[in-house]
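We call the chains A, B, C and D, going by the order they appear; numbering starts again at 1 in every chain.
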Amino acid sequence: MSLKALFLNCTLKASPEPSNTQALIDKVAGIMGEMGVSSATVRVADHKVRFGISSDEGEGDEWPGILEQIKACDILVVAMPIWFGVRSSVAQLVLERLDGTYAEGDPVTGQYPLYGKVGGVIVTGNEDGAHDCCANTLFNLTHLGCMIPPNVDCYWVGDAGPGPSYIEAGGDRHLYTNRTARYMAHNLVWGAKALRECPIGTDLRALDAEAGEVSG
Amino acid sequence: MSLKALFLNCTLKASPEPSNTQALIDKVAGIMGEMGVSSATVRVADHKVRFGISSDEGEGDEWPGILEQIKACDILVVAMPIWFGVRSSVAQLVLERLDGTYAEGDPVTGQYPLYGKVGGVIVTGNEDGAHDCCANTLFNLTHLGCMIPPNVDCYWVGDAGPGPSYIEAGGDRHLYTNRTARYMAHNLVWGAKALRECPIGTDLRALDAEAGEVSG
Amino acid sequence: MSLKALFLNCTLKASPEPSNTQALIDKVAGIMGEMGVSSATVRVADHKVRFGISSDEGEGDEWPGILEQIKACDILVVAMPIWFGVRSSVAQLVLERLDGTYAEGDPVTGQYPLYGKVGGVIVTGNEDGAHDCCANTLFNLTHLGCMIPPNVDCYWVGDAGPGPSYIEAGGDRHLYTNRTARYMAHNLVWGAKALRECPIGTDLRALDAEAGEVSG
Amino acid sequence: MSLKALFLNCTLKASPEPSNTQALIDKVAGIMGEMGVSSATVRVADHKVRFGISSDEGEGDEWPGILEQIKACDILVVAMPIWFGVRSSVAQLVLERLDGTYAEGDPVTGQYPLYGKVGGVIVTGNEDGAHDCCANTLFNLTHLGCMIPPNVDCYWVGDAGPGPSYIEAGGDRHLYTNRTARYMAHNLVWGAKALRECPIGTDLRALDAEAGEVSG
């Protein structure tokens, strides 16, 4: 069965405004497409996603539909712009909503719904802050259950201070960003295949019970 | 062949001063031991490691010997105390020295020496700062080539403000820390086995060449 | 003329849900009240604040009213819960919206609207992450024009892992948090008075012109 | 009495290797010199500074001499390169050593030795990470007692990925960096003067006693 990648575009801007982050998503998705991976993107700002930390915050909350797509993918990439040196509020909102998945552990193993998926990150900004966005987001994804292969971040930033963004600056031809886009696509696909061949067998419930005894 | 784990203890204190970080390392190494994994710890402050970003800074530098052990392990865990809310200077020094490995890519695939290894992180502090230590360190390890399974961080911190450290506070009986010590040990072992069964085939050199053409 | 403090409560929860962050705001505001400072709190989640980086995003955006209150205060305190180790999405949203003030520089000096104000930060979380919230938020406030006196952060966090929050845990009686609440209140009041007695005279426009010549 | 600025250059490289961070220090110090401020720089890597968290770690430790200079200055600027997205190990070492000053509070007010000083930060890197360096370092300085005026960070970074550093890239002519160098110099001088005219009167010991009663 072919692999499915889901990109969450966490730009602050709703469609149809142009999104620099989408432009870099398209590049990575294109490389994955050549490898036989099907991709979908959810532009979160196009949806009514409520603030909160549960999987359904009621009153027209559109997160449940997005969460279904997350649960159905093999490769999850959170993509975001930088604002004030850190990830966008929309990206933070997405992570907060994923907090709800901790409560949806597998009835047998206790593994959270994101176990069995690989995670990656895409960042664009006109300057500085990509490392902070990548580090926090990938770490959060490991807490939620994702496996993180090597070199699965792809970012573009300009030099110090205000300046043009990815599209306007011709980031499309930036050698480092293009290299890491390839590394990312190939290593995410490797990771998704590895998880199918060698599923994670860890029984979190059994380990919880053991830890409880020790601490008793 | 059995798996080998290497723990780098990045406490500021040389032996024989007691190290809180070592106490938590011992717990995780003990769990891995029950799983048949052999462990070794390098207490970095016991060695003369020079500041720099190459693999050998000369003049009595003891990093080359540590780097050999890193290259020989299957599971690499960077363990550290928190100071001023972030990872210790010794932990930062270790990462800086690993910068030198980027220059030692495999002659065929270009993969860096840490490709094929799984990475994890252990943090102790009397209060706040563990997430920042974990996030930056795990992200840095992915850049260097490590694969990061889910839930491979284990930390203990006390509540806000100054207070007792891990050993004095009886952190040994802290339920959350003990649970995550088990998750970490089991998922690192899973990851090391998965990397043996499904080695990463990505040819970084070939991808560099492709990216170069595109950007030309 | 008496000093005015404004607290922006960046909890994810709208009224009337109890807010741990509000409980700690109330403590700091109470201490300031004893010093003759009047305080107001805006609970941002009670308002329709749109995502964006301008001072008015249209279509029912309630940010302009909040921004007026910000411009009218002497002491600005951004208060927030921690989620996933970093500041809440609502806090990030507030900072993003303040980006619009860069465009509203004084016609003579170019100083941004937040020049002449002191900034502080309050953080609550059930565990780890306060330093990251404080550091980013205070730094962002300096970029926007605020002066930051010493010891103007006040936070409460519990020990590692899930657990009770500020109110339930009796954080109200936490010695370190109570000390820093006092330091914060007193040093913010000092700072606001100092800014009145010694206003910042820096002419950003003139400096821009100088820098431009040098770089020509 | 004229103002004294101290710059701590936290490059990893000892003299006489060229230091990009020093080049940017020289620019800021030059602007301050035109304003009548005398400057000195300590290149920390030229000294034998031991790891630790006290003000004197014995055995040839050269920190006590540096600390004397810190205590004698009006304006303290911590300057550093970025490595792996965060501040250099030498910068972290400097902060760790400043931890010892918490124990040297004024016998009457309890104010730490860095009270009454203004703090600033300079960062250079070939790419991304300046915001993280600035935020953590300025926040740490506020904890230690420094006051932070607006716009007292000055950094230069290149665009995404490896590339030339400040000197080689001609960062000397970078408009944003040059603007912020001026803002920083002028606002630090304003802050140092304001602290002389309006010294911070906060009695930390009295506040500790009050907080203690509340928590009793």
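In this text, a residue touches a chain if its C-beta (ideal position, glycine included) is under 8 Å from a C-beta of that chain, and two chains touch if they have at least 3 such contacts.
The structure displayed is predicted, hence computed values, not measured ones.
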| query | Copies subunit C and subunit D touch; is their interface built from the same residue numbers (over half shared) or different ones? | reply | same
| Farthest from subunit B in C-alpha centre terms, which chain would that be? | C
| Rounded Å distance, subunit A centre to subunit C centre (Cα mean) | 29
| query | Whole-Å distance, subunit C centre to subunit D centre, using C-alpha means? | reply | 23
| request: With chain centres taken as the means of their Cα atoms, state the distance from subunit A to subunit D in Å. | output: 36
| note | subunit C residues touching 2+ other chains are 84-86, 131, 135-136, 139-140, 143, 174-175, 179
| request: Have a look at which chains touch which and call the overall pattern line, ring, star, complete or other. | output: complete
| Which of the residues in subunit B end up touching subunit C in this complex? | 84-86, 127-132, 135, 155-162, 174-177, 179-180
| said: Per the contact definition, I'd like the list of subunit C residues that touch subunit A in the complex. | reply: 12-13, 45, 51-53, 83-90, 92-93, 95-96, 99, 136, 139-140, 143
| query | Can you name the residues of subunit C that touch subunit D in the complex? | reply | 114-115, 131, 134-136, 138-140, 142-153, 173-175, 178-179, 181-183, 186-187, 190-191, 193-195, 197-198, 200-202, 204, 207-208, 210-212, 214-215
